[in-house]
Every structure is written in structure tokens, then in C-alpha cells.
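Two complexes come next, and they have one chain in common, subunit A, joined by subunit B in the first and subunit C in the second.
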Partner chain A sequence: MNPAIVYLVELGSGAILVTALAVIWRHSLQAYIGAFRLQSFLLGAVAALLSQLQGSLELLGVALLIALVKGWFIPRFLRRLLARVGSGREVRPYLNVAASLLICGALVVVAYSATADLVAASRLPTRNGVPLALAVVLIGFFVLISRRQAITQVIGFLVLENGIAMLALMVSYGLPLMVELGVFLDVLIALWIMQVVVYRIRDTFDTLDVTRLKGLRH
Partner chain B sequence: MAWWIALFQPLLALLLAPLLVGFIAWLKAGAQQRRGAPPWQPYLDLRKLLAKEAVVSRHASWLLRTTPGLVFAATVAAAALVPAIAVGLPSDNLGDLLALVSLLLLATFFLALAGLDPGSAFGGMGSSREMTIASLAEPTLLMAIFSLSLGAGTTHLGRIAEAALIGGIGLHPSAILAFVAMFIAMLAENARLPVDNPSTHLELTMIHEAMILEYSGRHLALVEWAAWTRLYLFLAMLANLFFPWGIAQTLAPLALIGAAAALLAKLALLALVVAALETKVAKLRLFRVPELLSVSFILAFLAVAASYF
Partner chain C sequence: MALALILLCFVAGAVLCLLPYRAWLPGAHLGLAALAAVAGSILVAELDRGTLPRRWGAVALRLDALSAFMVATILLIALLALWHSRGYVARELARGGLEPHQAGRYYLYLDAFILMMLIAVVVDNVGLMWVALEATTLATVLLIGLHHTKEAIEASWKYLLIGSVGIALAFIGTVLVYCDVSILEPAREGALDGSRLLEQAASFHPAFLRLAFVFLFLGYGTKAGLAPMHTWLPDAHSEAPAPVSALMSGVLLSVSLYALLRFKPVVDLAAGADFSARFMIGFGLLSLGIAAGMLVIQRNYKRMLAYSSVEHMGVVCLGLGFGGSLGTVAALLHILFHALGKSALFLLAGNIQQTCDSTQITQATGLLRRLPVSGRLFGVGTLALLGAPPFGIFFTELAILRAGFQAGYLALTLAAAALLAVIFAAMLAHLQRLLFGEVERAAAAELTVAPAAFALGLLLLLGVWLPPPLARLVERIGMELMP
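And now, the complex of A and B:
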């Protein structure tokens, strides 16, 4: 076990959590996409470091896929979506930034206390990243439920997905390549469907505010 | 010998601080396609200001006259507590993290008080804003360093750096949260760009500059010098507490020279980051500043929480 690599993995995990929090406190959708892209690259870097630790080429392939699909393709896809529906800001989230941040702080503490026993019992070199990964998952969920804009909810879904991938990396050095390929395909298809839904919402309601979906058009 | 090094550290802070500020301004000018003043410009400013007489408003009390010296003294005292080139110095016993933050806050407090003293509108506005920001940024600073001291088991800054050096590279992963938190606190405490613009005197937006409008001559020189030293202290803390590599653990001359070189390199790197950031971001609206600071506070809080688990 190379301690330098383990240290870099832990540092990268911390940085991934910071990018997840960036989604909470920034206001523009562009910034969300930027934060997600950075998060994906960091996740790819962590996976690449773990592949060094493991000596597995398969994991390196997964790392490259993460960087390519989530770091390059999906942000590009989202930017296009944004350019077409043209909405730059998340207006009126359910909670203001300070309250959201406090809740996310609490979520991180919950993640730590929930995984405390696991971390204490584990002998994995990556055990310190487990609570951080769970925290990213919870923050992704929180973005999903606390925002009104359809695109922000898509970002929340993607952050959640990154968190799950990170959890898999931390607990078991990632899943086999075949499973990862399946997951990527799922994410891409889900994104595709969401794009269609976003267009439909936009065309029908002239807004991306999903709370309006409860009311009738006329 | 150890005491000489301990005395040399604040001196080094005073000597390097103008160069650091000038270097950041010079980098920014370069990044913005301007020619800009040379990096040593602040030294020339200091010489010019020190040679001029200080004009004090007729309505000002003793407060305005004593504040520059007090602010300067508090900052120099704070500089004695921050490890710059060596650890294990006797000056560690002089005070810990809480003493450092109190000294910095003492300077802020008197500066804000003296801003109110001459009764000018801008001074009062600057003081009010400075207090708003300081009340949010100081706890962040405290919490961010606390997260390190929990790992090291001491609140003395020199010993935190020493513990990190002895423990190899074993900083807790939460250190990155604390680093980001402290970086934001650094920007807020030193009137850097997303919070305050250090290079303008625009009435409606200035914070730090509004408080020091009334100073002139040698008073202004002392206040400015103290502000630059404060920036140096924050950057030195960011460099040496989070990345303690290169600090001398013995007092051998070669180790000290190496440590000085490492410190310069780390400061230059941080200056580059600050300059790049200040070129990239625009100033935040005043009412969004508390949001930014609450982000940094949450990050610092998480860093502390993470070091408990």
C-alpha cells in the first residue's frame, strides 16, 4: 500500500465533497454544470489512483470512461440543453442558501455517524473515503428534492450517481467493467429521457419550474 | 539561537509583506494585459508615506492617532506566533491559535472603532461592513485551524506544523475542507476580491478602504503595512499549516535557508492562485457575502466534525 496514493485518494474524496457543496451554494446553472464536471474529473482521478493501488487495468478503463462520459460528454450535453431551453439561474429554491448549507452540513455528519462502525471495522486503505461518498449521495438526494428547476434536478441526479460510483470505488475498488458499462448506459439513457422530458415541460408550460406541473395549463 | 530565529520571523513578515502584495498586483496586471507597477512598488509607497506628515482631522480624538500604532503592533505580535521558517521555537509558548485570532481581531476592532471616530460617513459605513464580515470570517478561521489542532493535539500553531511534519504526509482528508474554508476566510479578512476590491476607492463598495480614508502620512503607512502583513500571515498560515513541507526542524543554517526558499515558493504559488482568482471573479454583491462566508463556515465546521470521526 503506497501511503502517498492513499493520501491523494482521501484528498480527492474531500475535494469531491467540496464540489458537491458547490452545487448547493452557487446560483447559476452554468456553475452547477461546471461543478459537476470538476467532480467527475476528480472522481476519474480517484479511480485512476485506485487502479494504481490495485494494479488493475480494468479500473483504469473505468477511470477513463468516467472522465470521458461524465467529465466531457454529459456536461457538453447539459450545456446544449441549457442553450436550447435558455434558463440561466435557479430561481427561488425551496430553501435559501444558508439553510440548505446547514442541512447539508447535518447530512455530512449523518453520513459520518452512519458509517463510523464500518470505517472502524474496515481494513481497506480507502475506508476514510466511505463517509464522504455517502455524504455526496445524500447531498445529491437533497439537491433533487430541494430545487424547483428541472435541469437542477437533473444535476442532483448526476451528483447522486457520482456519489454511488464513489461509494463503490471506496468500498470495493469499483465494480467490474461490465457492470460499470451497464451503469454508464443507464445514466446516458436516463439523461436522454430527462432531456426529452425537459423539452416537453418547456413546451407545455413555458417554464422549467416543476412545481407548476401540479397545476393545470389553462 | 532559537530566540533569534523567533525574533527574525516577525521581521521577515514585515519585510516580505510589501513584496507579496506588490507581486500579487503585478501578476494581476500581467493577467489583465496591463503593464502594472513593479512588484517592489509597495516599498516605494511605504518610503513615500513615512516621509510625509500625518494630517489628523480636528474632530478626531486620541483614538485615531493611536490606532495605527496599535494595529501595527498587534499585527507584528501575531506574526511572532505564525511558524514561517522553523518549528520547535520557544516563541510557540508565547501564545496559541486563540491568542493569534484575538490579536488579529484586536487590530480589526480598533480599525473599525477609529473608522467611526472622525464622524465621516464613509468611515462609519466601512466600519459597519467590516464588523459584519469579521463576525462571520473570524469563527471560520478559528474552526478551520481547530480542525488541524484536533489532529495534532495542540492549539499552538508551531506545534501543529511540527506534528504534521513528523507524521509525514498524514494530514486528515478533512484538511481540504479546512483549507478551502480558510482560503475564503483569508479573502474576506484581507479585503480581497469577491468580498472587497483592494485596488479601488469606489465609495459604494469599499470596505477596508472606507475605514482608512482618514489616515495620511506615516499613520497611513503603518495601517497599510499592517494590512499587508496580515495578508502575508494568512498566506503563510495556509502554506505552513496545510503544507508544512520544507520547514526547518533543526536550526542548522542550511535547513533554514532551505526553509526560507520553500516558504517563498509556497507564498509565490498562493499569490498566483489569489491573482488568478481575482482576475476571474467579479465582486460579490454585499448581501451575498454572508452566503459565501456561511459556505466557508460550513466547510470549516465539517472539517472539525470529520476529525472527530
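And now, the complex of A and C:
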């Protein structure tokens, strides 16, 4: 157990949480994509550090995959989507920045209290990152339900997905490789389909404000 | 091997879709689905004689009675859906609702959807099961989005987001289960196999598994359409093409419950049986309540059918929660009966929609004269789903209520019975308007009715006579699920 590596992993976990919060206080979709890209690279770096800790080549492969797919490909994909639908600003959210940040603070507390038992029972050196990972999941979920712009909702989903990947790293050094590959494939297909639906929403409703979608009731 | 043949049928179907669309494609799909159904009955017969293989190359399989039962149900409804699709696609092509290349993609996504459901119920690794279930969401979103109407786009966006987030919660649950396994046993080979989890269940940490089950229940419960996570369901099921609605309502919801059933015995062993039972009963009853309320005020016959699915998933959950061999066996048979009845009704609702060009009840009145055969079958199917004897649902609902009394949940069981009565009255009132209301137009040409008639006939037959192999299969599942 190299203490320096454990320290770096904890530092990286904290930084990932900060990048999730960046989506709350920034205002442009470009900035959200930048925050997501930084978050993915940090996640890849944490996975690479853990592969050092465990001496696992499999985990190093997962780290490279995270950096390549989530750090490089997905942000590029989102930028192209943004350029084509041409709407760089966020639609006015339901809540202002201050209220949103307060709620996110509460979510971090919730994450700590929900995982207290788990952290106490775990013997892995990464256990202190578990509450942070759950907090990233909850913040992604909050972005998803509190924003009205379709692409921001997609970014909320991706942050949530990163949070789950981080949780898997923290509680068990990641899942078996076959499952990880399946999850990557699903995320990529989901993203492709989300893009298709976003284009259709734009073409049909002439807006990306999804609160305008209210034809179906009861 | 029967399983290989089943999967190969749908892979072959998908490959055919990559060719330019030809008029024989629907017929070829029907043939492949029939072949797969034959292979499915061979699979059940093999299981009846002994056990089935546990591995397939690098992938561990879980071919026990529960899996075989789900495979058979999926194949049966897939056969109905592909049978009905022949007429459905021909009519959509004729009226310009679909372009030929879209018809090819319709079949491609449908094959992928069925294939993913089959994979989800036969793999042993619960992580891969999750991957396959997420893939079913993606395939069905594409199917709902085939028509570019405002409603279809809205439904697919809501379904995509709620479905993906819901199933992401289930993934957190899977990760938490895995974390417990990896602490006990650093070797990771096969650590997420469902059968291994069951063997080690007694040594798991109860607190971990309780937290994991909460996530798993909320996640897979979202996909199974349990209230209050059901909000996507009426939109998605009412906007999808009729054969897709039949598959989504008839089997996809139950496949998500299957995923929960894979974890339930593990959690029961580790944390006590009460824990999961309380969740199932609570959410089951809530689903019944919300479905009852929405059915009373419903004005759209396809959404009526969708809310009826919320109701029936609630009933299945109640049966599993009340437990005992009576409740469990009745819940499983209820899955099969609901699949047959609900898919028949969605197929008929597709006919009604194509004739009346509306999904509002007020626009589709007087069906007895307008669409005599579809209308009559719709009436019979609705009565069967409401639990009228001699259809099987009458017996399973009665058995589930009895299991509730036996388990000592007197007040809750009475509440469930009262809600079932409200639903009966509400749907009967809607049915009466649909069948006997005034007609402005004369009788229309009858559309595809054979698949729905076949399903309802089978439902009637199974209500009065359960074939011995099926009875043995269901009993075996009851024993498998007991901790």
C-alpha cells in the first residue's frame, strides 16, 4: 500500500466532485462540456493510479478507455452536436445558482450519511472516496431534473454515469472487464440515440427547452 | 442446442434487415419466430427431463426453471408480435406511415430488442444482465421514435432519460453487491455470477445488501413500471407501434421483474426475507392505487391499457411479496397470463387506431359495428385481464389474495381487493363506451386479428387446463425462489 498513491487518489476524487459542481455554477454549455472533459480525465487518472496500487493491467486498460472515450470522444461529439443545433446558452433553469449550490451541499451530506456503514465496513484504502462518488451521482441526477435544456440533461446523465464508474472504482477497483466494456458500449449507443432525439426535438418543436414537451398527460 | 438455435433465429433476422427492404422480409421474420418458438419448447422439454448446460464458451449461463419460463414467455409474445407485424407494416407502408427503409429498420430494432431480452434472462453474470436490459431500453426508444410525431418524440425523450437513469440506479445496486463479493473473495473470476452470489449469500454483510437492494429495486422497478416510477410508461406504451407495445407491456416489464427476482433470494438469505417482501408489497399496493386512480379518469384507450400494465405489475409484486409457494407460483403464472392478454389487447388497439385514426375513447366508440371481430376480441380480452372467470387471471388473482391472507396481511389484502374492484368498474365503463357507443361511420374493413385471437384462445385454454410440463416448471421455480 503506497500512501502517496492513496493520497493522490483521494485528491483526485475530491477534484472530480469539484468538476461536477462546475456544471452548477457555470452558465454556458461549452463550459459544461469542458468540465465534463476534465472530470473524465481525472477519473481516468484515478483509475490509472489504482491500477498501480493493485498491479492490474486490466484496470490500466479501463483507465485508457475512460480517457479515450469519455475524455476525448464524447466531448468532441457533444461540441459537434452543439455546433449543429446552435444554442450555446442555457435556458433559464428552475433554480438560481445559489439555491442549486446549497442543494448540492445537502446532497454531499446525504451521500456521506448513506455510505457511513459501508465506509466503516470496507477495508480498501480507497474507501474515503465512496461518499464523494455517491455525491457525484446525486449531483448528476440533480442536474438532470433541475435543468430544462435537452443537452444539459444529457450532460447531467453523463456526470451521473461518471459518478457510478467512480463508485465502482472506489468500492471494488472497478468491475470485471467484460462488464465494463458492455457498459461503455451502452453509454455510446445511448449518447448516439440521445443525439438523434435532440435533433428531432429541435426540428419539430423549434426549441431545446424540454418543458415545452407536454402533449402527453394523464 | 436449442438455445443457440433460438438466438441464431433473431441474429439471422437482424442480418436480413441489413439488406435493402423486400416484401418477403415480414414473412421471413414470422418463419424465424416460429422456428425459435419450436426451439423454445424443446428447451423447456429438455429442462423437464434434467438440467441444462451451465457454460457456453467464456459466458456462464443460468438456464434454470425461471430462465426457461421467461424464455418461453418472450418467444411466445415475440411470435405474436412478428405475426401481427406482417399486416401492420403492410398497412403502414400503404398509407405512407412508414417508408420501405424505415420498415427494414423497424424489423432490425425489433430483432435487437427481442435478442437483448433473451440474453438478459439467460446470462448468469448480473453485470451482463444489466447491460442487456439497458440495451432493451435503447432498442425500444428507436422503435417508439420511428414515427416523427410530436407525441412520439416527447415519449421517446422521457422514456430515454427516465429509463436510463432508472437503470443507472440498478447499476449502483449491482456495484454494491459486487463490492461485498470482492471483499470476501479477491479472485474476480465469475464473481458477479448470479449462481455464485446465491451460494455465498449467507456470508454477505446485511447492511451492504440492504443498501444494494434499495438501489436495485428502485432501478429495475422503474423499468418494470412500478408506481411511483411509472411516469414514462403510459407515454412510451401508447406511442409505440402496436406490436412493440405488445412486447413492451407483455414481456419487457416482466423481464425487469425477473432481474429483481435474481437478487431477491440472495437478499433474503443475507438480510432476512421480510426486507424485500416489504418493498414488494408496499410498491405493489401503491401501483394498484395509482393505476386505479388513473384508470377512472382515463380518456385514451391505449393509455388505459398502459395503466392496466402498472396494475398487473403491482399484482405480480404483491404475489411475490406475500410469498409462500402459493403466492410465488400464482405471481409467475400471472406474468404469463398477463403477457398473453395484454399483448392481444395492444395488437387489437393497433387495429382500432389504424381504423379510427385516434386513440381517444370518444373517437373510437361503437366498435361492435365498426370493427366487429376486433371489437369483440377487445371486449373478451379486457374481461380476461380484469379477472373474469374462466380466464387464468381470475385464478391467479384469487390465489394471490389468498396468499396475502395466509401470510397475515389482512388489511393490506383487503385494500388490494378493493382497488381491484375499482379498476374492474372503471375499465368496464370504458369498455362499454368503446363497444356500444354511437357510430357515425359504417363498418370498416377488418384488419389482422388472427394473432390476437390465438393469444386469447391460449389464455382461455390455460385458464381451464394447465399442461403438466408447464405446471411442473412453475412449481420448480417456486422451489428455486424459496430461500
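In this section, the second predicted complex is superposed on the first by the 214 of 218 C-alpha atoms of A that agree within 3 Å, B and C clash if a C-alpha of one lies under 4 Å from a C-alpha of the other, contacts with A are read in each partner's own complex, and residues count from 1 in each chain.
The criterion applied here is as follows: a residue touches a chain if its C-beta (ideal position, glycine included) is under 8 Å from a C-beta of that chain, and two chains touch if they have at least 3 such contacts.
Here the structure is a predicted model, which means the values were calculated and not measured.
Novice: With subunit A superposed, do subunit B and subunit C clash or fit?
Specialist: Partners fit side by side after overlay.
Novice: Touching A:Leu60, do we find subunit B (first), subunit C (second), both, or neither?
Specialist: neither
Novice: Quick check for you: in the superposed arrangement, does A:Ala31 touch first (subunit B), second (subunit C), both or neither?
Specialist: After superposition on chain A, A:Ala31 lies in contact with neither partner.
Novice: For A:Leu95, is the partner it touches subunit B (first), subunit C (second), both, or none of the two (neither)?
Specialist: neither
Novice: Which holds for A:Ala4: it touches subunit B only (first), subunit C only (second), both, or neither?
Specialist: So A:Ala4 only meets subunit B here.
Novice: Could you tell me if A:Tyr112 is touching subunit B, subunit C, both of them or neither one (first, second, both, neither)?
Specialist: A:Tyr112 sits against subunit B, while subunit C stays out of touch.
Novice: Let me test your reading of the model: by the given contact rule, A:Met194 touches which partner, first (subunit B), second (subunit C), both or neither?
Specialist: It touches subunit C, and subunit B stays clear.
Novice: Once the two complexes are aligned on chain A, which partner has more residues of subunit A within touching range, subunit B or subunit C?
Specialist: Counting contacted residues of subunit A, the larger count belongs to C.
Novice: Considering only the touch criterion stated at the top, classify A:Leu68 as touching first (subunit B), second (subunit C), both, or neither.
Specialist: Neither partner.
Novice: For the overlaid structures, how many degrees, to the nearest 10, lie between subunit B and subunit C at the C-alpha centre of subunit A?
Specialist: Placing subunit A at the corner, the angle measures out to 160 degrees.
Novice: So in the superposed three-chain picture, is A:Val18 touching just subunit B, just subunit C, both, or none of them (first/second/both/neither)?
Specialist: After superposing on A, A:Val18 lies in contact with subunit B but is clear of subunit C.
Novice: Just the number, please: smallest Cα separation between subunit B and subunit C in the overlaid arrangement, in Å.
Specialist: 18
Novice: Between subunit B and subunit C, which residues of subunit A are contacted by each of them?
Specialist: none
Novice: For subunit B, which residues count as touching subunit A in their complex?
Specialist: For subunit B paired with subunit A, touching residues are 168-177, 180, 290-292, 294-295, 298-299, 301-302, 305-306, 309.
Novice: In their shared complex, at which residues does subunit A touch subunit B?
Specialist: Per the stated touch rule, the residues are 3-4, 7, 10-11, 13-15, 17-18, 21, 25, 97-98, 101-102, 104-105, 108-109, 112-113, 116, 119, 128-129, 131-132.
Novice: Where on subunit A does subunit C make contact in their complex?
Specialist: Subunit A reaches subunit C through residues 114, 117-118, 121-124, 137, 141, 144, 150, 153, 157, 160-161, 164, 167-168, 171-173, 175-176, 178-179, 182-183, 185-186, 189-190, 193-194, 196-197, 200-201, 204-205, 210, 213-216, 218.
Novice: State the interface residues of subunit C toward subunit A in the complex, per the touch definition above.
Specialist: Result: residues 125, 127-128, 130-131, 134-135, 138, 141-142, 145, 148, 150-151, 153-158, 160-161, 164-165, 168, 171-172, 175-176, 178-179, 181-183, 188, 191-192, 205, 207-208, 211, 234-235, 238-239, 294, 297-300, 303 of subunit C touch subunit A.
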